[in-house]
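Heads up, the next two complexes both have chain A, just with different partners, chain B and then chain C.
Then we have the complex of A and B:
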C-alpha cells in the first residue's frame, strides 16, 4: 500500500534514480538550470541542476577566491597612542568590509598604469579619533572618513526590519589616547588575501535521497522498535505517525548521510528497507555575503569570471589551428 | 619561440611521440578551471584521455603574479584524426561558456523577480 513509488512522490523524488544518475554520460540530463530558493539582503540559496560536480565546485571556488572586492590594504600611522600596536590595528582595518558595488571601475594595483597609487586603483580614507572628554571611547567604522567622492565606504549592516545595526567596532580608546591614520583601499580577490573574499560562507551540498520501505519496516518491527528507529536519526529525518503507528519520512533534506539508520536496519535484518544516497546532478548552494556585494551579484560575477576565462581559453586556442593533424 | 611562449597565458604543445596528443598549459589558473575543462573534454566521445595536474601546491604562491601554471594533459584523439586536440579544447570551452551564460541569465531574471521593486544597494 505504501510502496516505494508512493513515497518517492511524497518526497518530491518522483524521477530520482538511485546512485549515480550520471549513467548515460553527464550530458544525458536536461538543460543546466539555476533555481533560487531564498533571497534576502545578505543570503542567497539556490539549486544548481543538471550539471556535474566540476561545474558546481568551480563556481564555489570562484565565489570564494576570485570575485574582486575592495579592502583596506595600506595603513599609514601618523599617531597611535592607544593600547594596541600599529600592526594589530592595521590588520583589523583590513578585515572591514567595504561596499564594492563600483569595484569594476578600479584597476588592480599591479595592473594599473600609474607608478604607485592613483584614483583608478585606490581609494583614500582618514581615520582620526581622539578621546579627550570621556573615560573611554569606541572607535568604529563611522570614524573612517573618505577623502574622495568614490562610492566605496564601510558596509553599514541593516537587520531584517530595515533598521541600521551598530557600526563595526575597531578598537577602544581610553582618556587622552588618540589615533590618526591614513588608509588606502585597493582592489583584490580572495586568492591574495581572505579579506577580499566577498562571502562569509559559500557552501554547496548534494541533495540527499532518503527512501524507506514502509511496508517492511512497519510490518517487521514492533512499535517500540519503530519509535527507536525514528529517534536514532540525529537530524530528525523520520517521524512517527501516531495515528497509523508507522514510520514516515519527515524531512529527507536534513539527512547528513550518517548511516545510523542503515546500521539499525542491518542489525534488524532489514537491509533493503532503508536506502540513503545523494543526487549527483543537483547541488544546493548557500552563499552568504559579507555585505560588500549583494549575494546574487556575487554569484553572477563569479559566473562571468568563469565565462571570461573560458572565452580567453577558446580564443587563445584558435591560433593553434583547427585541424592540426 | 620560447620567449614568445613565455608571454602567453595559454600554451598548447603537441606530443612528439604520440599522435593527437598534447599538453595545454594555462598560467595563473588553478583547479577551478583545470578540473572544469578536463571534465568537459571527457564529455567529447572522441577524447580518449584527459587529466590535469597542478605541479606543485607551493608554486601557486610563488608564481601567482608571474607564472602559476596548471597542466592539462589532454588527450589522444581517435585515429581518424577528425578532431585534433585544439579543436576539442575550443569546443569544450565553447560549450561551457554557453552553459554558464544561460545560468547567469536565468539567475539574474529570477533575482529580479525575488527583489521586486526594491532597488538594489
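Then we have the complex of A and C:
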C-alpha cells in the first residue's frame, strides 16, 4: 500500500515521500519520491521517482479531473439586452476560474444535506453592468460582486513582477445595453465538466536516455558525416566539438525519441553505436495551474485523493480476502 | 376546455367554428423596420401596421431565466 508519510503544502513538501511501509514496492522499487525541479506562482515541475507508469498516470489523471474546485454553475438572467444570447454568456461565466483555496469548506451539491442550495454548497454572486455613458463598455470579472463573505472570488492574475494583470474580459456592451444576473458557484471536479479542472496543462513524460559509442562514431565516420549526424537531430541533442572533432551528447533531456539518429547509424553500419530509450522509473511532470489553487497545492491534494482511493481499494480487497500488498 | 374533445386517434380535435367564435390570442412582436410593437394573431398578415415592414422579432421572456453554465 502507498501511504504518504508527510505532505505539507509549503515547506515539508519539497521531499515528500509516499511509499510502501516495507521500504520496497511490489515491483522492487525503492521508496517513491518527489523532487521539485521548479516552482513558481502558477507552474510546478517535479520528478516522480521509483514508481510504475500506472501510478504516475493515475496521478496525472487525478490532477486533471479529480481535484475539486469552485466554478460558476448556475446563471439566473434578470436582464440581458446585449448582443450575446443568455446561453452564450452563461457558458462564458462558467469557464471563469474562481479562487478555490477554501474549497474544502464546501460540500458537493449532490452530497449536501440541503434540498437545493445553501451556504455550505454554493456561493452567490451578482453581475450587474450598464453601459450608459460610453459608446462601448467592457464587462470583466471585476463586475462580478460576491453576495456573501465567502472567500471565493474570480482569480486575479499577477505577472512575474508582482503587478496585477487586467481582469478577465467576459463580454462587451454597447450604449444603453445592460446585463443583470445572479450567479451561483458550486463545487465540482474535472470529471463533471472541464471548467472545474484546476490545471491548464498537466503533462507527464519519461526521462529519455541517450547513449552514443563515442569511439565507434568518431572512428568510423568521417568529419563530414559526424557533422551531418549532429545536424540531423531536430532537438539538438548532439553537439559537435570543434577541438576534438567529435560528436558529443549535449542535452539528452531534449530527445523526443524520433529515432532519426538510429536510422542514420543503421544506414552507416553503426547499429550498436547509438542507443535511445526511456527511463521506466522516473517521470517528469509539468503542472500549470489556472490560478484557482497553487500548483503545489494541486499536487498534494491529488496525492491525497490517490492515497484515499488506494486505501479504499485495500480495505475492500481485505474484506474479500484478497492480499492487498 | 369544453370546446375540445378527443378524436379517434386520441388527439385533441378543435372545432374550427368554436375557434372563430373565441377571441383570438394576440402576441406582441417588435417590428424589424420601425421598432414599434405590433399585436399579431395566428392568421393575420405578417406586416407592420405602421411601416409595412414584413420582419418581426419576438419579445424577450419577462420571467427570470435559469441556465446551467456548462
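The criterion applied here is as follows: the second predicted complex is superposed on the first by the 286 of 325 C-alpha atoms of A that agree within 3 Å, B and C clash if a C-alpha of one lies under 4 Å from a C-alpha of the other, contacts with A are read in each partner's own complex, and residues count from 1 in each chain.
To be clear about the criterion, contacts are C-beta pairs under 8 Å (C-beta built on N, C-alpha and C of every residue); 3 or more make two chains touch, one makes a residue touch a chain.
Only a predicted model underlies this, so the values are computations on that prediction, with no experimental measurement involved.
In the superposed model, more residues of chain A are touched by B than by the other of chain B and chain C. In the superposed pair of complexes, A:118 makes contact with neither chain B nor chain C. Of the two partner chains, chain C is the only one that A:87 touches; chain B does not reach it. Of the two partner chains placed around the shared chain by superposition, neither chain B nor chain C is touched by A:259.
Of the two partner chains placed around the shared chain by superposition, chain B is the only one that A:296 touches, whereas chain C remains out of contact. Applying the stated contact rule after C-alpha superposition, one finds that A:108 touches neither chain B nor chain C.
Per the touch definition, chain A reaches chain C in the complex via residues 71-78, 80, 86-87, 90-91, 93-95, 183, 193, 195. Remark: chain B residues 8-10, 12, 14, 24, 26, 29-33, 35-40, 43, 64-65, 81, 84-87, 89-90, 93-94, 96-97, 99-104, 106-108, 110-111, 114-115, 120-121 touch chain A in the complex. Chain C meets chain A in the complex at residues 60, 64-70.
Chain A makes touch with chain B in their complex at residues 25-27, 31-36, 39, 44, 46, 48, 51-52, 54-55, 57-58, 61-62, 65-66, 101, 110, 191-192, 294, 296-297, 299-300, 303-304, 306-307, 309-314, 316-318, 320-325.
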